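Single-structure report; data block below.
Every chain is named by a letter (A, B and C) in the order it is written, and numbering of its residues begins at 1.
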Amino acid sequence: MTDLLNDLLIRNARPYGDEAVDLLVQDGVVTGIGTGLTAPEGTEVFDAGGHVLLPGLVDLHVHLREPGGEESETIETGSHAAALGGFTAVFAMPNTDPVADTAVVVEHVRRRGEEVGLVDVHPVGAVTTGLKGEKLAELGTMAASAAQVRMFSDDGRCVNDPLIMRRALEYASALDVVIAQHAEDHRLTDGAQAHEGAIASRLGLAGWPATAEETVVARDCALAREAGAALHVCHVSSLHSIAVLRAAKAQGVRVSAEVTPHHLLLTDGRLTGYDPVNKVNPPLRTGADTQAMREALAEGVIDVVATDHAPHASQYKDTEWAAAKPGMLGLQTALSVVIHTMVEPGLLDWHGVARVMSERPAEIGNLPDQGRPIAVGEPATFALVDPDAQWTVRGPALASRAANTPYEGMRLPGAVVATVLRGRITARDGKVVA
Amino acid sequence: MANDRRGDVGEGQDPARELLSSADVARTIARIAHQIIEKTAFGPGNTGDLVLLGIPTRGAVLARRLAAAITEFTGVAPAVGSVDPTLYRDDLRRGPTRALVDTAVPEGGIDGKLVVLVDDVLMSGRTTRAALDALSDEGRPRAVQLAVLVDRGHRELPIRADYVGKNVPTSRAEKILVRLTESDDRDGVLIQRPGAAPAEPGVGTEAEPSVGTEAEPTIGTEAEPTTDGDDA
Amino acid sequence: MKHLLSIADLDAATATGLLDTASRLKDTLLGREVRKLPTLRGRTVVTLFYEDSTRTRVSFEIAGKWMSADTINVSAKGSSVSKGESLRDTSLTISAMGADCVIVRHPASGAAHRIAAWADKDAGTTGTHTSIVNAGDGTHEHPTQALLDAATLRERLGSVAGRRIGIVGDVLHSRVARSNVLLLSTLGAEVVLIAPPTLLPTGVAEWPCRVAHHLDAELPALDAVMMLRVQAERMHGGFFPSAREYSIAYGLDERRLALLPEGTPVLHPGPMVRGMEIAPAVADAPNAAVLAQVRNGVHVRMAVLYHLLAGAPE
């Protein structure tokens, strides 16, 4: 039986910004691409208005806060934000309460994602029990569970102990899963509040030195090389880390890396008013760093954009700087920031955007039905983008429970017109399609 | 912040009309000096009592001029200094923060002395009131008298000058500009009609925007110019 | 001036205006039996201190009282802060009670900035206006300390412009050093920071000052020297090998005092650790300006209150 809900005729869409075509979708799969296509009676016809069609976006790094942090975000509100941002799959980090370090918790997250049904929610399992960095969590059990965990991370904390990290990589190599490292040597960032540099020194904020990232990236690349394991470096922020990644990739180390939209655009110059909406970990760095991030992303040394979407209710942000929790919203602004920082300057074309926001993330996260080419026989999982639209970011208008966007009041290019997950429209014209 | 004590000056507008020329100012000061000598019996053998205290900026200049004139006429010098009423004003919150100026009480203080307060223009009397309060924190004079170069009326407090250089009936909207070479470029007293700018770059105390009560009409008071008495 | 949060917000004219006011207030009160001015009658000044402090809080309190403001002290220990109330709620509550000025000390850098932002936002809806004074925020700034230091230097040296001032010690953790570097350089002085590299922040190269590591080499050319306190907790943080080695390398003893030009003022923000950064004989020498600093502190804080509260609200 064909589920009519997942049948669709998309007219006048431009895949990857190329020539306009029609796409026929049946049972969630693309069955025809051409001009002047017709569909069986009763099929929903969707006029794409000549906008750019991309494979659905995949985010390797989000915090959905459920369970335990529902005052800031839930899997439902986070799924709304993801769908509205053009995402069809997200990886939910395990720093919840309880921590996602057992099959029970990861299965709960996966199931809640399926119930909401707007985006594929893939739980990331913790590398160590309780994110304490002391003892490996049950990686094999979580991988084999109904949640089918394919990525593990202690994100928010670094697996600081080199021996634990070595064991995690070795153990993971047999499970065909990836270890995603929050690269931060905590000994070097004790009390850190901001990028260590001229601005933090003037503001009297304890510095987070770039070397705390660079040294862990270098160490982990060596460990991954010896273990033959897949390593993913979360939210690269320092230009010095890029040289390390380039060298490791040249050696054939199985390492991938992500950059956040905010590390492509924002710098520590924003800290002068001490508004904690700009507090994030790793911290906003210098203009030289953002420039290096853009170039590395264009070059492929950094593989993907991941949002590190980190909602925090106002009581965790509307405080003095030191007391504020680090993190910022990202799901609904990511594509616009990438258009602004990468497409407009000519560093990426739409094929490039598809690569860094859909295809490579799906490969790294081991998702066989995401990040696929727009072609006959492939899943009808898309993001439709109006590249000429302009919009002004307003935190309270975003779908997340929290409003901690650093882009408040900024005018950004590009709008997600529709998101399609296996033939089903999940968001359209800025509204979730429930 | 130290406010700019000068008014904005437009160009090509009506010049202010001169009330007292440079020579008039000199004659007026000399006359007041004689009156002070007469009224206080200051002179050789009676020098210990009199203290002239000017209200900055131009009142302090006038006090020094009066002291010089008294010295010339009597051969002995009276004590002279200045008292800044700013910290005692009742209108501080009505304008930008005022810069403080010198309070210089002469050696020997004011306790038991006859103090003559000196100011350039007397209008509402509020500056004088503030100066009297400042004086009372400095000490306890035997008596206090008031000398002004121009009395333009519009009193808001029961204050009257003992020595007046010239009574000038004015409307509240008019400005009186006093110029003294020590603080400005020449001596003279000008009157400026509403809307006209000073003939020269803003110099008179009266030209200060929003800082002087003397220049500000006060809500609810009679706008009728007063002409109480001739020159003293 | 709406708030006093950072010396960085003051240009040379504004800073000089504050110092001039302080000096006139000092002259005005000199020798008076009754040290009370009516200027801020009916205004309410609240000190909100989240850190222990005697001299700064008392200095502000005296300054307020001498200007006839009603001065109320709130310490974090005795308020609802200990019940877990947020800084935002506490500060807005104090504003709502009618404080015209809140003087805040807090261990977090930028706390005064945040309170000012909340107060301004609140003023937009309620029409009330509260000025915020930073009395020390974390390792960021301590603006009134720098102003009183500059006032003391002006008294001792005639003027600050063109003078070479050495600041010695734990610059990294010192809000006094940050404010002083900004203020003294704004006033035209040449500032030299003298400290081991571990006690200098990364990024200090972009500050408006010079950096040196050898005290003996700098002393003969200084017009004034400011010693910073070395806090006990730093001694165990690995910033330097031992108190003894620090004292040998950076302590101001009598031998070093002799290297300074005759009569060079020695400043210290207090409290002093005698025998550590400053030898007892130096602390009590005629050069030492420590008590003059404390005296000037009251007048400088009166000047700050005058500039914030005496004029029309901005």
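The rule is simple: a residue touches a chain if its C-beta (ideal position, glycine included) is under 8 Å from a C-beta of that chain, and two chains touch if they have at least 3 such contacts.
Fair warning: this is a prediction, and the values are worked out from it, not measured in the lab.
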| item | value |
| --- | --- |
| Arrangement of touching chains [line / ring / star / complete / other] | line |
| Innermost chain, where centres are averages of C-alpha coordinates | C |
| Inter-chain centre distance, subunit A versus subunit B - centres from mean C-alpha coordinates, in Å | 74 |
| Whole-Å gap separating subunit A and subunit C, where each centre is the average of the chain's CA atoms | 45 |
| Inter-chain centre distance, subunit B versus subunit C - centres from mean C-alpha coordinates, in Å | 39 |
| In the complex with subunit C, residue positions of subunit A that touch it | 193, 196-207, 209, 273-275, 315, 318-323 |
| Residue ranges of subunit C touching subunit B (in the complex, touch as defined) | 1, 13-14, 17, 20-21, 24-25, 27-28, 32, 34, 36-39, 306-307, 310-313 |
| Of subunit B, residues touching subunit C in the complex | 1-2, 84, 87-88, 92-103, 133, 137-138 |
| In the complex with subunit A, residue positions of subunit C that touch it | 8, 86-88, 106-111, 113-114, 117, 137-141, 175, 178, 201-207 |
